[in-house]
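Multiple structures follow.
Two complexes, one shared chain (chain A), two partners (chain B, chain C).
And now, the complex of A and B:
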């Protein structure tokens, strides 16, 4: 395990070193984050105008959902999307060979190897929103703890779905639209699930696990998630993670490696 | 010989038994119509890339793996490293089944590909080496010692080549750094897939010497593919020739030459020019250029032909050599093709392949 932590530290140090040269990119990304966040706050603000409470959500309660979304979006930009792109590149170039020959878990490598610091502004913005909403809602330390665990489980769902989609590159090689698909999937969780019509609510809960990524963790933070939802979150998260591992192992049986 | 058994009692590093790989590939006609048809109604066909290959490699053995492009060399190598799963047959490397990708095996093998790199492009090679050391669990001080040792042999400087971004290194320097990265964990089996590809003569020699030295120092088994015959002749006593997915020769390099180049080249420089007709009495005249000529003479007749040449003419210089190995291999392929045409259903490894001594 120590070897994995050391490897992870080096992965990220190497990635950050490679990105350090691009300072302009950092500024643009930070600016984009702030503008996107301002846009989202404005949209949500419209929903809550004149004391309106869509789906029974108060303004700070809605901010918990937006906060979880922004946090996960940061995670997606910093860790998940760069590694999904890397997997596609490795399969296309045949350099996945080198990863598969290393005595570490290849899924760990392909999920953690790249780290982009540019998503950290979103992570910070998400944490800021959650802190503000928590202060307004007077969330207890226990609520914060259970909410934190629920956010991690939501992140695992986002990771697992994205990794399974990225694994399809073993067969289809070119799947650059995964990043767009995953961004759209998470985007659906930007607003409280109760704000959607019933049909969408069912779809985003039972078919695509959008509700489990943002709304349920946000409810857990507020201490409003029932045991059933939390159990559902744990089951969906654990199930999808196990499925991503099994699908990866299955896909590698069909890996033909780019020819020399 | 049964797979797993050994020629001299020691456990072989690599045992391959009746290994086959069939790929399913989609055919696509050229042009827009072909692209649309490919999208709507894909047609597949099966390509038998490797057919019933048997191979045993002993610890410390350096084996040259020869074959034309698409002959199946790389597919075999990828099955030996566990990257590609076999369709049929059995592979054992250091007692492990490679496709299971157990860490115990991965710690003991390495793969170097001349056309692919594992070093991080934008960073100094030293960073990739540190990463590899961590992945293989090599303590920092030991990793530094090994890096220094490998760099010294390859003529790389820790403060020079290892400190520059990989993209700024020459192809030769890059390949040397790749070798350091690939051998940092002191593997027991090396799979080298055209490691000298595109390198200049000096870099080729350096890589070749390095591989030979590593083999001698660590007793590692090496399976080497290369289109540069100098690599093969310098490093490999044994060669395996694969053609259209089947092994057509497995044995000492000298035997390959004897079997497929039964004639030797006699190059002679005479004091006075003699025409092709005058030289034809000694052998088949390949070329005549003024006073210099090249003849092909059957092996058994070489002593007699040379004697007669020396007694009949004033000879300034004379050398006898085997035909270049690439010519020999070309002849083998031609022979294999001819045999394939007449014996399309010949079982794998039949024909030219011969059991090892």
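And now, the complex of A and C:
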């Protein structure tokens, strides 16, 4: 276990120093984050016109959902997306062989090897939003702690779904658009799940667990999530993580490397 | 058939075959374009309350129209062009006796053609899920687009595609000088995303914001074609003039930057 932490530190140190060659990117990503945030606040603001409350949410409550979304979006840009792209490239070039031969778990390598600091501005914006909403809603430290755990579980779901999609490259070879598709699907998590029609709610809970990525963790932060939802979050999160591991091992059986 | 159309047809054949090779990716592309369908859910549900100027039937119809507009105006040339310049693979294309812009434009059309079956399924699904969109309700009549709506909508979509393509390609040309132009263009895309009517119809914007936004090119890219498709009254003259002026202006800038850029381009073989 300690070896894995040490490896992780090395991975990320190397990745970050490589990315530091492009420092103007910091300016661009900061502007992108600010503009995205302004646009999202504007759009949600439109929903709050004429005394309307989408899904019965108050303004700060809706901000907790947006905050969790922004946080996960940052996680996606920093960690999940770069590694998914790398996986696609390895399969396409046949260089996945080298990864499989290394003395660390291949899924760990393929999920953690790359780290791009450019999603951190979104992580910061998400934390800022959550801090503001938490102050407005007077969330207790204990609530913040349990909410934090729920957000991590939501992140695990996002990771597992994305990793399973990326694993499909073993059969389909070229799937560069996974990142765009995943970002588009997570987009649904910008708005509270209760603000959708019933069909959407079922779809985003049972088929594509977007509700468990943003709305449920946000409700946990506010201390409004029932025990059933929290249990559901834990089960979906653990189940999807296990499924992503099993699917990865299954897919590797079909991987015909560059040399064979 | 002139040599010109023969060339374009050859390009189309090549690009269509290339796209079909990786069909699974086209499916992901289609998923990536479902943002209007997400917003369709949010806004029809919000309109149920009666707190907004339009009811759920109108909202559903609007976002289905936006979905269609988006399907035919998707542009990705900047990512492709940035890769070609940074990797130096643009060089062999410059040896051909055709300006490569034609090939990129045709590639977009080929990609749209590949997406048709998926889009058709998604469209039928939406119309079944939201029957009020075509049937109408107490506030809006049934959705029967007349010839004016069909022709006007199609023309507006073509103009919107041309403008978005020119905008992105012109930004892309700066790849001759800068790395990662796609990241810079992302900022423009965000403006299109939030101000074009893709996430909310202009009708629900506060009046001052709506008037200001109408002076930018953004709403004419999505809101305007969608309104025409719905068969609703829209500022037709202003829309086509705005689109036309921007297209001409960007085409001129594009050619100037292209000529300067080629002089600056120094990859192997250039």
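By definition in this document, the second predicted complex is superposed on the first by the 256 of 260 C-alpha atoms of A that agree within 3 Å, B and C clash if a C-alpha of one lies under 4 Å from a C-alpha of the other, contacts with A are read in each partner's own complex, and residues count from 1 in each chain.
FYI, a contact is a pair of C-beta atoms (placed from the backbone, for glycine too) under 8 Å apart; a residue touches a chain by one contact, two chains touch by 3 or more.
In this text the structure is predicted, and so the values were computed from the model without any measurement.
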Partner chain in contact with A:6 - chain B first, chain C second, else both or neither: first
First (chain B), second (chain C), both or neither touched by A:69: neither
Chain B versus chain C as contact partner of A:197, first or second or both or neither: second
First (chain B), second (chain C), both or neither touched by A:17: first
Touching partner for A:115 - first (chain B), second (chain C), both, neither: neither
Chain B versus chain C as contact partner of A:102, first or second or both or neither: first
First, second, both or neither for A:177, with chain B first and chain C second: second
Superposed model, chain A: greater residue contact from chain B or chain C: C
A:248 touches, of chain B and chain C: first, second, both or neither? neither
Contact footprint of chain A on chain B as seen in their complex: 23, 74, 78, 81-85, 101, 103, 106-107, 109-111, 113-118, 120, 122-123, 127-128, 130-131, 134-137, 193-194
Of all residues in chain C, those that touch chain A in their complex: 22, 24-25, 28-29, 31-35, 38, 41-42, 44-46, 49, 51-52, 129, 179-180, 183-184, 186-187, 190-191, 193-194, 199-200, 204-206
Residue ranges of chain A in contact with chain C within the complex: 22, 25, 28-29, 31-32, 35-36, 38-39, 42-43, 46-47, 49-52, 54-55, 168, 172-178, 180-181, 183-185, 187-188, 191, 195-197, 199-200
Residues on chain A engaged by chain B in the complex (per definition of touch): 3, 6-7, 10-11, 14, 17-18, 93-95, 97-98, 100-104, 106, 253, 255-257, 259-260
